[in-house]
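Presented below are the structures under discussion, each in the form of structure tokens.
First chain A sits with chain B, and in the next complex the same chain sits with chain C.
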Partner chain A sequence: MRFKTKLLVAALVVVHFVLLFAGFIAPYDPAEQNRVLPYAPPSRLHFRDASGFHLRPFVYGLKLDLDGFTEDKNQVFPIHIFVRASRYKLLGFFETNWHLLGVSGSGRLVLLGTDGFGRDEFSRVLHGGQISVAAGIVATFDALLVGMMLGMLAGYYGGWVDESLMGAAELFLSLPWLYFLLGVRAFLPLHVSPARTFLLLTCVIGLIGWARPARLVRGIVASARSRNHVLAARGFGASDFYLLRRHIFPEIYGVLLTQATVLIPRYIAAEVALSFLGLGVNEPVASWGNMLSTLQQYSVLVSYAWLLAPACALVVTSVIYSLLADCLHSQLKFQSS
Partner chain B sequence: MKLITNLALLVCLHAALCFAVIAPETPSAGEELDRAADVSGHSGGHLTIGERAEPKTLNPVIATDAVSREVIGRMMADLVEINRATQQTQPALAKSWKIAPDGRAFTLQLRKGIRFSDGHPFDADDVVFSFKVYMDENVDSPQRDLLIVDGKPLTVTKLDQYTVQFTLPRPYAAAERIFDGLAMLPKHLLEKPYHEGKFAQAWSLNAAASEVAGLGPFRLKQYVPGQRVVLERNPYYWRVDRDNHRLPYLDELVFLFVGTEDAQVMRFEAGETNLVSRLSSENYNLLTRERARTNAQLADLGPSLEYNFLVFNQNDLSSKKLDATAQRQKWFRALKFRQAVSAAVDRDAIVRLVYGTRGSALWGNVGPGNKLWSNTSIPHPSPSLDTARQLLKSAGFSWNQSGQLLDASGQQVEFSIVISSSNTQRMKMATLLQDDLSHLGMQVHLVPLEFRALIDRVFQSLDYDAAIMGLGGGDADPNPEMNVWMSNGTSHLWNLGETQPATAWEREIDQLMQQQMITLDYAKRKQLYDRVQSLISENLPFIFLATPNVLAAADPRVGNFHPATLDPCTLWNVDELYVRGSVEIAGAR
Partner chain C sequence: MNYLGRRLIRTVLLLVGVSVLCFLFTEMAPGSFFDDMRVNPQISPETIAMLRSHYGLDQPLIVRYGRWVKSALHADLGYSIAYNVPVAPLLWGRAQNTLLLSVTAMLLTWLIAVPLGVWTAARRGKALDKTTSIGVSLLVAIPEVVIAVALLAIAVRWRVLPIGGMKSEDLDGLPLWVRIKDIAEHMLLPVIVLTLVDSALVVRHVRAAVLEILEAPFVQATRGFGISRSRVLFRHVLPAAANPAISLFGLSLAGLLSGSLLVEVICGWPGLGPLILDATLSRDFYMVVGGIMVSTIFMLGGNLIADIVLTVIDPRIRTGAPDAL
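And now, the complex of A and B:
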């Protein structure tokens, strides 16, 4: 692997690690409302006060006056690491109340400010990232699985199987999927829990997305099946399944990997778009999309810049994935030539 | 040939002279005009207003949407109108009225010598014609319900050219208030389409300006589809200012179609529009912060008459295939369950977080904005989860180990709340409510729906558990509220289509509401309506949440800007609005 690829993979690992341990890294429960701190700006970390420099950073308490929130210099809250606060399930299994950062007493450490309900934006970006990125990965897995299977079938068998499957792929590619999803949402029952919405969302995004990888896979399989080593294996009496698994799958492996890096950011963005339009995960569960949806209000957009944090997170994640896709693509080309 | 040309010229000249005599800027002696003794301003100029949508029609009889009514209202006038500032009735096209001692007959004296905006004189025939149209079942006017008392229409008789008499089937409290909102129609223009059965098609948006005439301060000039409606000054308008100068001051009124409230605010900030009303508190605060640059006139008029509430579906669902909802209805029908929900709601948080403190918490249907009718003895308990838990416990609910609320049969309490997705304020209320109720162990799902889909569920399919909605805001009087509180009312949301009152308290409300409608004495009516309000707040068919303040803003150059709580907030005195520093025009002051 080249150095650039290694660096990008490392960055991706860091992003996913942070999101995976969101409960631990986030100081607060993402749904916890603090009704006296709506739209509070990001906490400023201080090292120096009247008595001089402190190694341990601290934040001041906030007080609301006519111009919004200002720092109350009489209330000092030092920041601690490894503190006990709200309960959560680490990785979804281990119930604990340890958090990486926190302040004691009545102080609030809001690294990225708060939203209109006084919920900590930083905690929500992390927890929302879990939903959005997981949606991207699961949907990509769905799309690649279906795409790979149908693409292999079409490329390997050719004839009417090929024609009908690729016809269907073309139909799916031409579908205005956003409107399609709007329509699908209308048929769902009212009572959909966030978990089920998430599952449905990823399935629908994934199932709609199978067409493009299927076409790519089909092309490779169609050319691979007439290669000499494949024909030889067939001559020795290998079954179709054996051929596909042993000789053809390794050919498409690289394509699937590049496709994954292309599709994951695209599907993260798809989840964000749907939740932004109110079709995705609902309150109080955070996702980058539904967090951004408050910015549809003009007054919020122009007044509270820190609420753009989920958009920044989305951009960073997408850029890392896209750069990685580029690297993988050029490496593949290099290998094949 | 030459003779004919000369004759024609003479006729033209004569007509022009007649016109000049008919519509001078200073009124003639034959016209009985209304003199606004405390109004002064400058003539000329125009104002631009951004609207959230395009009007659907220019026909005052069939218009139902707010935008159409706002535009049409500037071109039309009523017999008696409600002064938006004082909330009292005042003479309009009728210069005076007398009520017979039995409270059933109203005799109205019309202003003499006044004209429609096309120059045609107005008299009792137009009034009789107008009411005939409003009460015609085939026309299906939304105002028709107001004119039917006890299933019988009121009768209108022309006594002489300028006197009409209205006879009601029985005494009707504050009957003169119903005239506000009933625009007088020009018989000479609308009789033909009415008799041909084409009334609903008359005065569509595509109507020529010459076909549309009214008695309001402005008349139609131009409609550009998708862009704007332009109204121009009505030279025959029947009000004059302090100096006997004929109103309105403005030459033109332009309604731009801009789409959303945010677009309204952006256009206003950019100086493209001059007036904006019904602002959200966030946008109002935004304009306040920018006041140093824009110098805009901002008005916070205090609590509106609108009430936002949570309603549980208590409809009879036996004829529908909604077993799951019907199952949950045993909670919704339990008074203690509703009381617990009400006790858990943090209304002050709603006022603070949803309305940015520009609003008021509500515990009843008549809020602090309605000074004349609000029952101030209704208690305002602070939110208390302990009270709520006790109420639930006494109603047989319990909690499992993970804190989830279970009913007597062990079923987990879980329901959904539908909200209009376009209403960000109600969406926010719902999120706060969800959090409040989660502390009681109730699992609440929020379902944002497109407004029409929501209305369909609440009024037609009845397929919902609970909804957050808003009502009220029309008039301060209790009578327009009849359709909500009467058990057979069309907006009796929690249980629509009752053939008879489902509960004893609903029966009592029915009686009280009917009683107040025929009681003419204010103090007695107030007593009756107070009792209605306490019954409602005790039995909680709606869990009242909060009401926003009425917020409006105007360009610093707009003179006589006196917005009011009642609709149309900024435009009710449009005839008095003027542009400061506008060029004075010949004939004007």
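And now, the complex of A and C:
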């Protein structure tokens, strides 16, 4: 692997690690409201006060008056590492109440400000990222699994199987996919539990997206089928399944990997778009899309710039994935030429 | 039968397939437009049943589909339940707004992107090429929603452009050019977003295609004949590199109705997108199906046009030679 690829993979690992441990890194519960702090700006970290320099950063308490929020210099809250606060389930299993950062007493540490309900934007970006990125990965897995199986069938058996499967693929490719997603979503119940919405969403996105990977896989399998080593193995009496698994799957592995890095950011964006339009994951569960949907009100968009934080997180994730996709693509081309 | 005839039949089959898919999904879905009425104690179940039969929703799927196809062939896409008017004129009115937006964006995209793609390919590795390719990578990677929201934030904050809608109020008495200028100002933001997103892709493909041709021996020969650099690029290299660009142009045509949905919703442009979104939220069945079908026709039509152009200009495709694309 080239250095650039390694760097990008490392960055991706960091991003996913942070999102995986969102509960620990986030200071607050993402749904915890604080009605006295609506649209509070990001806390400023201070090192210096009247008594001089402190190694431990601290924040001042916030006071709401007619001009908005101002810092109350009388209330000082030092920031502590490894504090006990709200309970959550780490990785979905271990219930604990340890958090990476926090302030004691009545102080609030809002690193990226708060939204209209006084919920901590930083915690919501992390937890929302879990949902959005997981949606992207699960949908990609669906699409690649279906696409791989149908593509292998079409490429390996050829004939009418090939004709009908690729016809279906063309049908799905010629759909205006966002409209169709809207249409499909329209006929599903609007108000269902977030878990079911998530499942439906990923299935729908994934099932619409199987066509392109299927075409790519089909092309490779069709040419791999008549390679000498495959023909030789067949001559020794290997079954179709064995041939596909042992001799043909390794050929499509690289394409699947590249496709995954292309599709994951695209499907994260699809989830964000749907939730942005109010058709995806519903409140109170955070996702990058439904967090951004408050920005559809122009007054919010103008006044509270920190609410663009989920957009920044989305950009960082997508850019890393897409640069990685470029790297893998050029490597694949280099190998095959 | 020749290639184009087969393509045409295939397109019609695909159109039928999409409509069947739409109807199948509605059959699987629980709930309908009248669900909200059920909660209302003032509307009796008989009334709802009557409404359902009035709109033909009580019929079995096959019957509904048959009726729909029959009327769709006469350009009648059914009756909107929410707006209580026929779907087709409503869709057409909004589609015009969408087309105004997307055709402008498409023209701009191709006018900017093709020269930029050729130019960056010709100066491979130079500063211009490097900055362009960084910009293109970023634009390809950043989701459309984010670009739209970010530009909207800029426009709203510095009040540089009018935001939302298609024209200002109280312009009726003013001369024509004032009204045109007003619409152009309202269009500018969504057009910029669409152009940025689309041209990144076009630049990337045109550049790659031109680079491939530049390595061919005949380009060396043209240089040897002393033909000027720009003439070589635009007269000899570009036509040879046109095939992927034409396929992409077909995709551009295909996305004319459906590609701008998000941007329309975010910028408040009264196009097809917001209409279908509302119809989706209120489960206005025939409206949603109509919207999907109209945009599918554009999708298929765009690809078909690209295929026709390709067969006309490239004989290799007509004869089915393997190295055509």
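In this text, the second predicted complex is superposed on the first by the 335 of 337 C-alpha atoms of A that agree within 3 Å, B and C clash if a C-alpha of one lies under 4 Å from a C-alpha of the other, contacts with A are read in each partner's own complex, and residues count from 1 in each chain.
Heads up, the rule we're going with is that a residue touches a chain if its C-beta (ideal position, glycine included) is under 8 Å from a C-beta of that chain, and two chains touch if they have at least 3 such contacts.
Keep in mind it's a predicted model, so treat the numbers as computed, not measured.
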Chain A residues touched - chain C or chain B, whichever exceeds: C
Which partner does A:L55 contact after superposing on A: first (chain B), second (chain C), both, neither? neither
Determine, under the contact definition given at the top, whether A:A31 touches first (chain B), second (chain C), both, or neither. first
Quick one: is A:S193 in contact with chain B, with chain C, with both, or with neither? Answer first, second, both or neither. first
Report for A:I81: first if it touches chain B alone, second if chain C alone, otherwise both or neither. neither
Counting only touches as set out at the top, which of chain B and chain C does A:G116 meet: first, second, both, neither? first
Return first, second, both or neither, reflecting whether A:G278 touches chain B, chain C, both chains, or no partner chain. both
Once the complexes are superposed, what residues of chain A are shared between the chain B interface and the chain C interface? 186, 190, 278, 296, 298, 302
List the residues on chain B that touch chain A in their complex, please. 262, 265-266, 280, 282-283, 285-286, 324, 346, 349, 352-353, 414, 416, 418, 421, 424, 428, 430-432, 434-435, 445-448, 453, 463-465
How about chain C: which of its residues touch chain A in the complex? 10, 13-14, 17-18, 21-22, 25-26, 28-31, 137-138, 140-146, 149-150, 152-153, 156-157, 163-164, 254-255, 257-258, 261-262, 265-266, 276-277, 279-281, 283, 288-289, 291-292, 295-296, 298-300, 303
Residue numbers of chain A touching chain B in their complex, please. 31, 33, 35, 38, 116-118, 186, 190-193, 278, 282-284, 294, 296-300, 302-303
State the interface residues of chain A toward chain C in the complex, per the touch definition above. 167, 170-171, 174-180, 182-190, 265, 268-269, 272-273, 276-279, 289, 292, 295-296, 298, 301-302, 305, 308, 311, 314-315, 318-319, 321-323, 326
